[in-house]
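Structures incoming, each one as structure tokens.
Shared between the two complexes below is chain A, which has chain B as its partner in the first and chain C in the second.
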Partner chain A sequence: MLLYFIKRIFLGILIISVAVTLMFCMIHLVPGDPARIMLGPRATPEMIADISMRMGLDQPLVIQLMKFLGNILKGDLGIDVISSRPVTAIVFGQLPYTLWLIFTAIFGAMLIGIPLGCYSALHRNTLADRVTGVISVACITAPSFVVALYSLLIFAVTLKWFPAIGAGVKGDFFDQATHLVLPAFAIGISWVGYLSRLVRASMLEVLGENHIRTARAYGLTEFTIVYRYALKIAILPTVTVIGVGMGFLISAAVFTEVVFARPGLGKLIIDSITTRNYPVVMGSVLISTGLFVISTTISDLVNASLDPRIRANL
Partner chain B sequence: MKVAIKRISSDPLGLLGLCLVTLIVVSALGATIFAPYDPIQLNIMDRLQGPSANHLLGTDQLGRDLFSRVLFGGQVALKVAFLTIGSALIIGVVLGMIAGYGPTWLDNSIMILFDTIRSVPTIMLALAAVAMVGPSITTVIFVIAVSSIPNYGRVVRTQTLTIKSKDFVKAEMLMGASLLRILSIHVLPNILGPILILASMDIPTVIALEAGLSFLGMGVKPPTPSWGSILNDGFSLIRNTPWPIIAGSIPLVLATLGFTFLGESLRDLLDPKLRKFL
Partner chain C sequence: MSENVLRIRDLSVNYQTDRGVLKAIRHVNLDIPKGSIVGVVGESGCGKSTLITSIIRQLDDNADIPNGSIEFEKQDLLKLSLDKMRNISGTKLSIVFQDPMSTLNPVLSIGRQMIDIQYRDKISKKRKKQRSIDMLTKVGIPDPRNQLNQYPYELSGGMQQRVSIAMALQAGPSLLIADEPTTALDTTLEVQILKLLKDLQEEMGCSILFVSHHLGVIAELCDHVVVMYAGEIVEHGSTYEIFNNPAHPYTVKLLECDPASISKKQRLLPTIPGEIPDLINLSGGCIFKNRCDQSIDRCDKHTPLLNEFNKNHFVSCHLIES
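Then we have the complex of A and B:
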């Protein structure tokens, strides 16, 4: 068990370091001088030379890579070209907005999707089950930015039920919550469909097992059987899916943040691309990759502690 | 083929998917014939109109006919989907077979590479690439292809490992068959089925990604019409008119739904065992 944990965490660290190295290669092997890209078309040769020296671009690649990796270990992702603040501070300043959005969305999706899946499994092959199935697939395939655009159009612009822009006044909980509703809805809706199908499938599997038959034989009510005994096991695949789904959640957050002009990691990246602030872009991409690797690692560890068969496979 | 069509038509969702896909493909391929206007022709006098007999889906802020733009946008979506999935599939199959057949160290390095690519959210990879080389349709195709290679590679590797240990392959090896012969005659035909199903189920994801990147202004460059860039125009006009958003989203939603239904139906038809894995 401990051996698996150590191996899995080592794999996570290895993946992050390979990702950092690849990203470094991407920056330096792409045609065009990074300093020139950063300064844009109107740069003079003197400005390019100055920036190159400040960024250490005149040194050999291997030394640059070592410095780059060393700095990341120290938590230094470089300096914002425009405001001269450290990138780490900027990214971690925006990260909580994205995390709140993602967690609200996934929590809401679980709250609706899991009972819906149980309902479908219990009423298998009825009209209600089929309708839920089709709607679920429709929800899964709907791109999050289209859902975001429609909810902005309908609930914010036309009906004016919810605010359209921003994340609300700091410290005012109610205001922040109302600003969270539509973006979380846009991200969460596809997860409602996904989770309900997933829970339906695993619930059907669990309901056929022996201990559930025993529970039935004891005369427990259907409600107790489903929600106290079966759901405990049927919920396991959800843990994996949410861990692996972190990447999709981050991607969806980028779109919704842009549509609702909400502060966050996605908005930060898009704004930084438009202002050619590229240390911030790279820093945000690295942090989000780190986040994704951590969440898949955690979900693997949780799964391994629940299911011994997985441990044998690494 | 006849049997396949018959079986699909007995599955109502599969049939719906087939109809939607046909509609999208025909309208995109025949855009030059069906489109009533030039998709990039400006006509400031008729700007921001709602749907009418002249302009079926209305016009945008520059007076361009939205219906024509939607038709031509389909060409971009299908082109990106075809090129991306095609190249990802070829590279994925080659790398997957190398990983499955090669020595352990090579297998491990390829798997680490796959795991690394999968650990970067596709949108983030795309944004990083756009920040480096600027937005273009080539960047979009390249990034989405790179990030979907592991999906194919992993399936191919697993299948190769299974087939490698089968007796008929061992017998062939003993008779002195070359590596190339084993891979192309025995391994490839056996992995093609699941890979093609995987590819067909990847189409809606790729179409949505292209539209998403173009929506962010990080994909297809104006004035080329794309469903995503129509939505982007609609987003900036959201307080004036809902029509560009409606015009851009209808084909996008129909295409993703159609390809999903068709893909699921094909999967059940060709290989019911895969249902668990995909």
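Then we have the complex of A and C:
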């Protein structure tokens, strides 16, 4: 167990530093002087020099990278030159919006997708199974930004069931919840299809195993057999997929937040890229990668809590 | 005249396959008297598992039962609703399966599984736990209280099979079905498990339907032997009769292959030259005719019927009839 955590922490550090370094290099490969772009066409050379110095852009790339990595270890992501606020404050200010969005999307998808998969497995090759199969595949293939655009047009603009943009008034839970529906739907819908297919497949496999035959022979109820005896095993691959899926969820959140003009990590990344606000870009990427590392660790732990054989090997 | 716990009459089972209808079992009659151990022997593919799974109503989806009845304690299992069947399963009618390493749920503790199967009993969880401990003690598991917290993978194959037996016998069934319960175990363990089954059977007074490849095991354990061939019962009788006075050419061949080692428990069913006929395209006449070296004209045209050959000994063969 202890060994597992040590391994995890090292792996996490490795993943984060690779991601940050890659991002750092990519930023500096983009043509154009960041200070010049940031200040606009009417900036004087003095102003540009001043900003460059404050952002540390006048130093060699390697030194910049080292400094950046060193600061991360201290929990300091630098200062946003435009607003003069610490990047950590900016990023953590936006993080809750994205977390709410992602969690609503994925929990909603689990709530619908997992029972749907169980249902299809239990009624395999019936009409209902075929129909859910076709719908699921359609859901999987629909890109989230397309779903976002169309759901915005249909449910917000035309039908006016839900608000179109923003995240709602702070402190007003109901308002925030209604603002969450459409973006979460846009991200979650493909997961519904994906999870239901995944659960169906592993459920079918588990239901064919010998111990299920035994459970039936002992006269356990169908509900106990499916939801307590089989699902506990069938859910394992799904948990892993969701853990790794954090990466996809964040990238889907980027598009969705832009379409719905919602605050959040994704919108922050896009905004700061267009203004070449590098410290903020780097900070957001760092936090997103951290989320990924955390979610894969959590999925490992969830699997370990479900399966004693995994627990023994942790 | 003792009563029968199980009375199978004219049972047939078909499987729908790509090539056509596979008649896995045809017109089988079988009685299991109260308190007795009946053994079923036969080569691989002769329909032993099909017979058992039709009794516990767990046939594969592509199977159907065109005719027959399975009377268990005076009710036809085939006519029961799923709910009624569920009430009998695991209480009055129990089964121990072949591969102990895969019969228990791998992610639930032994105790959890043993308590779960008592869900019908309206007693406290503590008493259910105590009952499980008592049962584990009965099947010879050391330190049963701690074993309840173990998971199947932490137990050896022999121990897992003991747990399965404990679970099967927990509710005091009147019939225990055992589908090759010792095939996956080594010889020493096999002897122990068989002794355990026999002791428990005597103690609890249940009947056992025992399926095995091992002639030696059958000879040791059973009161009555049923010889199956290609989906039909070709001979059945008391163990003494079958082993000392076999009448059907198939049984004779089975025993002849190596009579000296039959009493040895590790003895597997010997192989007989030729193959089981194709169960999809069955021609009329005797089912064994293509492998029988004594077949006569009649065997090609007429299907022989089971006839009493001796007291408590039935054979379906034209040679015997005449």
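Note that in this section the second predicted complex is superposed on the first by the 252 of 314 C-alpha atoms of A that agree within 3 Å, B and C clash if a C-alpha of one lies under 4 Å from a C-alpha of the other, contacts with A are read in each partner's own complex, and residues count from 1 in each chain.
By our rule, a contact is a pair of C-beta atoms (placed from the backbone, for glycine too) under 8 Å apart; a residue touches a chain by one contact, two chains touch by 3 or more.
Bear in mind that the values here come from a model prediction, so they are computed numbers and not experimental data.
Visitor: Check whether A:M66 is in contact with chain B, with chain C, with both or with neither, and answer first, second, both or neither.
Guide: A:M66: touches no partner chain.
Visitor: Please indicate which partner A:I6 is in contact with in the superposed arrangement: first for chain B, second for chain C, both, or neither.
Guide: A:I6 contacts neither chain B nor chain C.
Visitor: Of the partners chain B and chain C, which touch A:I15 in the superposed model: first, second, both, neither?
Guide: In the superposition, A:I15 touches chain B alone.
Visitor: In the superposed arrangement, does chain B or chain C reach more residues of chain A?
Guide: If we count touched residues of chain A for both partners, the winner is B.
Visitor: Examine A:A128 and indicate which partner it touches, taking first as chain B and second as chain C; both and neither are also allowed.
Guide: So A:A128 meets neither chain B nor chain C here.
Visitor: Should A:Y150 be classified as contacting the first partner (chain B), the second (chain C), both, or neither?
Guide: first
Visitor: Once the shared chain is lined up, is A:A215 touching chain B (first), chain C (second), both, or neither of them?
Guide: second
Visitor: Taking the complex as given, what residues does chain B use to touch chain A?
Guide: 13, 112-113, 115-116, 118-125, 127-133, 204, 208, 211-212, 215-216, 218, 231, 234-235, 238-239, 242, 245, 249, 252-253, 256-257, 260-261, 264
Visitor: Looking at the complex, which residues from chain A come into contact with chain B?
Guide: Result: residues 11, 14-16, 18-19, 22-23, 26-27, 30-32, 37, 134, 137-138, 140-143, 145-146, 149-150, 152-153, 157-158, 247-248, 250-251, 254-255, 258-259, 269-270, 272-273, 276, 278, 281-282, 284-285, 288-289, 292-293, 296 of chain A touch chain B.
Visitor: Considering the complex alone, what residue numbers of chain C touch chain A?
Guide: Interface residues on the chain C side: 56, 58, 86-91, 94-95, 97, 99, 102-109, 116-117, 119-120, 151, 153, 164, 167.
Visitor: Where on chain A is chain C touching in the complex?
Guide: On the chain A side, the touching residues are 209-211, 213-221, 224, 229, 232-233, 306-309, 312.
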